[in-house]
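Next up: the structures, one after another.
Across the two complexes that follow, chain A remains constant while its partner is chain B and subsequently chain C.
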Partner chain A sequence: MKFLKLSAGAMALTAGLSGHAWAQTALTMWYHGAGNEVESQIINQIVSDFNASQSDWSVTLESFPQGAYNDSVVAGALAGSLPDILDVDGPVMPNWAWSGYMQPLQIDESVIANFLPGPKGYWDGKLYSIGLWDAAVALVTRQSYLDELGLRTPTLDQPWNAEEFQAALDAAKNSGKFDYALDLGTAWTGEWYPYAFSPFLQSFGGDIVDRSTYLTAEGALNGEAAMTFGHWWQDLFANGYAPATQDGADRDTGFANGKYAFSWNGNWAALGALSTFDDTVFLPAPDLGNGPKIGAASWQFGVSASSEHPDGASAFIQFALQDKYLADFSNGIGLIPATAAAAAMTENYKDGGPMAMFFGLTEAQALVRPVTPGYVVEAKVFEKALADIANGANVEDTLDAAVDEINADIERNGGYGH
Partner chain B sequence: MAIVTPENRGLRLVVRYTVLTIIAVIFCFPLVFMIMSSFKPSQQLLTDTGSLRAFLPVGDLSFDNYIEAFARAPIGLFVFNSMFVTGTTVILTLLICSMTAFSFVYLKWRGRGLVLSIILATLIVPFETIVIPLLLLASKLPWLGLHGIEWGWLNSYRVQIIPFVADGLTIFLFVQYFKDLPGELIEAARVEGASWPQIYRRIVMPLSGPVMATAAILKFLAMYNSYLWPLMVVQKEQYRPVMVGLQYFFQLNIAWGEIMAYLSLITVPVLAFYLLLQRAFIASIASTGVKG
Partner chain C sequence: MASKLTQSNRAGWLFALPGFGLMVVFIILPFFFAISLSFTNQRLISPNPTEWVGLANYRQLLGMGMITLDAVTDESGQIVRDDTGAPTYPRLREYTRNNPDYPHLDGMKQWFSFGRGGEARTFVLARDLVFLTAVKNTVVFVLVVAPVQGGLALVLALLINQKLRGINIYRTIYFMPVVVSIVVVSLLWRFIYDGNNGLLNNILDFLSFGYFEPVNWLGNPKTAFGSIIGMSIWQAVGFHMVIWLSGLQTISPTLYEAAEIEGSSKWQTFRYVTWPGLRNTAILVLIVITMQAFGLFAQIDVMTNGGPLDSTQTIVFQAVERGYGKQDISGGSAISVLLFLIVLSISLFQRWLTRERT
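Take a look at the complex of A and B:
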């Protein structure tokens, strides 16, 4: 009997101590950061802080390696096993929303009023996802190179125009000091192509698809501006300014080894470049006629369509949007915080910080990739077209074929809801 | 063709072994590169790829990549998961497929030819074409667990094992091998009053070492290297196998040295298993004509 009393007492005590947790409704979350120790620590800290901050919801996190994440989500959607909260790469979000994997967020949008535009994931007029950071691409070089080649240092207010950019490439090539003037990162296949190179096309005045309707690529990807871009792109390789093919090792070490004068690279590689040369500078994208452009939108949080607790899931996401967490992610993994206030809290992006230029770059030049469910197909078509043109394919034929392929896909999918 | 004489026999042997040694070395290059690179910092590793230094233990060598790799991913868990799934699948496959083949070869039941043809026809169906129906099926199947009936097999070992415990290739291997066993042995055993299970267990299987080794190695490699299926059906880290775990190392800034360390570690079980069974494997290939 004594044992029974003791057991009952212990159970009551346990129930009392953990009553806080018992009252919480369980939410599940998938995140793409497995394998990144720092990133995992930060997201776990946010989850832990959220669970301790209130008594309604308790989030449990399952991390996936980034390379396997999208396929896992698609499989999870097919199997009906999606979590409440998931993260999604910005340009992919419209496809997942259109496919019925996601539902609109239920957060107070005044909270994100000061956010950079890139991290805001809108589809069909509704906010489906929101990111804690953005990413940006810049032209990486050394101040000493600019000085030796007699080049003006471009600024956000006064980026190089097309002629100046061409003159810079010519100067680098003619100096005989480098194997190539420009490292475009052609070794990085996949999303790098539309993310890094479609801004050149947009700076010429073209686009991957006609954004006024999203129902055709006609005129956008094979119009006069796009053809001019195509020939410019092909000439970069044909005239020896940049290598059309590249191996991963060359991409990782080429600029550091002095093989290239300029490297078109992202802010995630900036700290490495800074540590390699003490006079590393990050230059804005050139204005090729229609304004300087760079890509925008990185990973963002959203709520799955199958979540039975979208209010709880949205509450977590809103909780994660605090400046201190934005700053933590930035300090931890080097990405651009989504607000100026958070940027001021970071080592790299505060005024005078070594990567502050990237924040201004995102504010001034960022353009999100086409906001359409068809983007996932259009991106692959665009990548193949650019690779073919780089390797000598006829520009007009290649871009016309790409337009046909994109239009056929749009038609096959009933216009993707546009 | 030149005639072999006592005078040139030595020279021919030298030439033959030289060529074979060169081919063997070339085949070893990837493994040597992987192991050597696993001890080098990423920067040096990438720089060395342009020269023979990539295959030599030179430069700044250390175990740092291994230490970092263990910090980045639960490698022990992934290797255990893969070994458990692979080992269980191999054992069940050998059992089920050999019994199936036994019934096709020795039990004279009506329609066995047609059924065998259908099973062999599955060899030409790529797994990728059935993966989505299989996923939908696996996500709805019942399972009797400790807490009663559970629905859905996702996030478990069974979903990685059971769909693969029988396959057309393994059945085909056993059928071909059993057909070549002396029929007199089976007839003699039947005359002596042995039952079919006794013949399977006491006569056929003890004679099937080579085909068992071949089937085991082929199945082991297929299961140990599987990526797509576990990627789709396993969402919890506790059940992830080594190939999905490899993705942990592909971050924005790829740590090539750690990748090489991870690959070196997960290659050890494969090499050990192959070395264990290689004699029987080669004997089986020689007798069945199956190419690995």
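Take a look at the complex of A and C:
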């Protein structure tokens, strides 16, 4: 009897609730940030603001831990149960778009005219994804180190060239003050390798794949420039400038403990570095011959191909692109806001803010990773090649083998639609 | 026999259905899927239609070639030697990359080389060097782990098969690593093997009064695989110890009493009473260890990812890395099928070796 009453009450309650929601069409959304409280708070705020701001759509959010997110999307796509709105890591987007998981956004170009280039995800000439933020990498060091070692402070207009960078490493090594001159973060296996290290290759004039056709890596990854890069990369470790295998703990605390003179690290670690040493400075990437380069593109929002309401999904994404939300994400978790106006609203990236350097870096040096569905495989091949070379493998053979593997993969996939 | 299984046994089949159904869906069906996918170019995600490619995946994995090269000579016909006095050879790259005279070697890499007297040298090339390295590593792993783990487990079983006060504490301690998830164990051993201040380096440093040079156990190609073999033996030894123990306890005490009365030594008792009584247990332990060892994956995935320099690549790790990481389901399936054939033939061979001789 009691049970009956309870369930009757529950039914009445749900009827009342859904009666309210009938006016709004339900949209679902997946997000990769589960487990990060601040991030969840911000995204939840955007969702509830959007739901309250209009009466057509009602977004419900489901969060996944980042490590399991891509697997969940692939599994969801194979099972045909993708949500309306997805978030996607920038370099992975072309793969999902090509596979038919995503559809172009219905957002006017004028809305994103002021955005940095990195957060805009284009594939096949159409905008498939758009990010509220970007990420950037810089050479972290201390002004006192630069002064002690007698080094010029490089600027965005005048970054170090290859000789100056080498001289800086030599000075740091010969000073005997540090375990290693340079901390590259080799402990961070995975996407860090192509994200952080392929810009060095591009600065030498090579690339992971030939971007004019995206049909071969021959000449790009094993051409003369790439071979020069490979030997330079190997010598960094062979000559004791940087550790080839690194402890995860050393990556996190090594610079703070004074083990390294320079640390190649992202904006997400910048606040920590600033609070450790008040004379922390962020230097731009060196120009190794073909201009200074750093990676671009972080997580972005897109619409799944199976969505029945792409207009509603795009409306939500456009709503989220407001400067105040860009600034919220930046203040909350240290990301680089995608527009200058939003940057001006943040504590760290406003003019004269402690991390304003990163905003300039993204504007001046950022280069997106190869925009191709094959990137997912190419990134893995590139990572293995770099790890092997760092551990002493023959440079020519390793890069040749990487090219062979990338080319075979492109061929097996019928050119990935290029 | 067939009639007994099929007739008037509906309830039995009904009870078996849940378990049996799960096995069909998650083991038997995927098994046949893998075989058929390995003959196609199926991708994990792709808009392209799946095509039948015959044996192409297997040719890619197992393709090998050979080339004999003469040593490099200078203008006067003298052999050019390197600093150690060994003759030098032309770069293989000249032959294996875009050389129209050697199309069958295109894209191959050097596996190993040998001289056959004189200064010419034969180079054995492989199309997929990483896979062959994985096969070699896995075979080494099995050859080391099967006898060492089995033997160690037997010694432990003999030690704890005594009526002593508190023996259960020892049984628990030895069995504990088996209960803990292999992922957790691997993470812990990553700390133990740490190159800077890992437990192992600290202990060795203490025992050698500071003369021991710290080793980066997992970061050095020479020590990485040995380190993984060591922790793998330790982790699963308790499981096989329990199987040995159950075998030991099926041996009738009267046999031991008789042996004692006959005045047999400890070794004779083991050799003529214990060991014959453990025959079937030994076969079981050997086959189980062999099959588990071929499946080496979690330790690699957590501790080394196959590196450094491919020194810890294994067959299953490669299957997952390709099928899932590189989205090449057909290539991963082909590796699984090859692994199945290897394990099947070894198990049959072991059965034949340990067959009942009449």
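Going forward, the second predicted complex is superposed on the first by the 397 of 418 C-alpha atoms of A that agree within 3 Å, B and C clash if a C-alpha of one lies under 4 Å from a C-alpha of the other, contacts with A are read in each partner's own complex, and residues count from 1 in each chain.
We take it that contacts are C-beta pairs under 8 Å (C-beta built on N, C-alpha and C of every residue); 3 or more make two chains touch, one makes a residue touch a chain.
In this text, all values refer to a predicted model and were calculated from it rather than measured experimentally.
Engineer: Is A:75 touching anything from chain B or chain C once the two structures are fitted on A? First, second, both or neither.
Structural biologist: first
Engineer: For A:404, decide between first (touching chain B), second (touching chain C), both and neither.
Structural biologist: Touch partner of A:404: chain C, not chain B.
Engineer: One more residue to check, A:65. First (chain B), second (chain C), both or neither?
Structural biologist: Touch partner of A:65: chain B, not chain C.
Engineer: Check whether A:363 is in contact with chain B, with chain C, with both or with neither, and answer first, second, both or neither.
Structural biologist: In the superposed model, A:363 contacts neither chain B nor chain C.
Engineer: Looking at the overlay, what does A:245 touch: chain B (first), chain C (second), both, or neither?
Structural biologist: second
Engineer: Check the residue A:148 against both partner chains and state whether it touches chain B (first), chain C (second), both, or neither.
Structural biologist: neither
Engineer: Examine A:376 and indicate which partner it touches, taking first as chain B and second as chain C; both and neither are also allowed.
Structural biologist: It touches chain C, and chain B stays clear.
Engineer: Taking the stated contact definition, name every residue in chain A that is touched by chain B in one complex and by chain C in the other, in rising order.
Structural biologist: Comparing the two interfaces on chain A, one with chain B and one with chain C, the shared residues are 78, 247.
Engineer: With touch defined as at the start, can you tell me which chain A residues reach chain B in the complex?
Structural biologist: Residue list for chain A touching chain B: 30, 34-37, 62-68, 71-72, 75-76, 78-81, 247-249, 252-253, 257, 266, 268-269, 272, 333.
Engineer: Which chain A residues qualify as touching chain C in the complex?
Structural biologist: So the residues of chain A touching chain C come out as 74, 77-78, 95-96, 98-101, 189, 244-245, 247, 250, 376-377, 380-381, 384, 387-388, 391-393, 396-397, 400-401, 404, 408-409, 412-414, 417.
Engineer: Mind listing the chain C positions that touch chain A in their complex?
Structural biologist: Interface residues on the chain C side: 41, 43-48, 60, 91, 93, 97, 107, 109-110, 129, 194-196, 216, 218-221, 305, 307-310, 321, 325-328.
Engineer: Residue numbers of chain B touching chain A in their complex, please.
Structural biologist: On the chain B side, the touching residues are 42-43, 46-47, 49-50, 71-73, 132, 135-136, 138-139, 152, 154, 231-233, 235-237, 244-245, 247-254.
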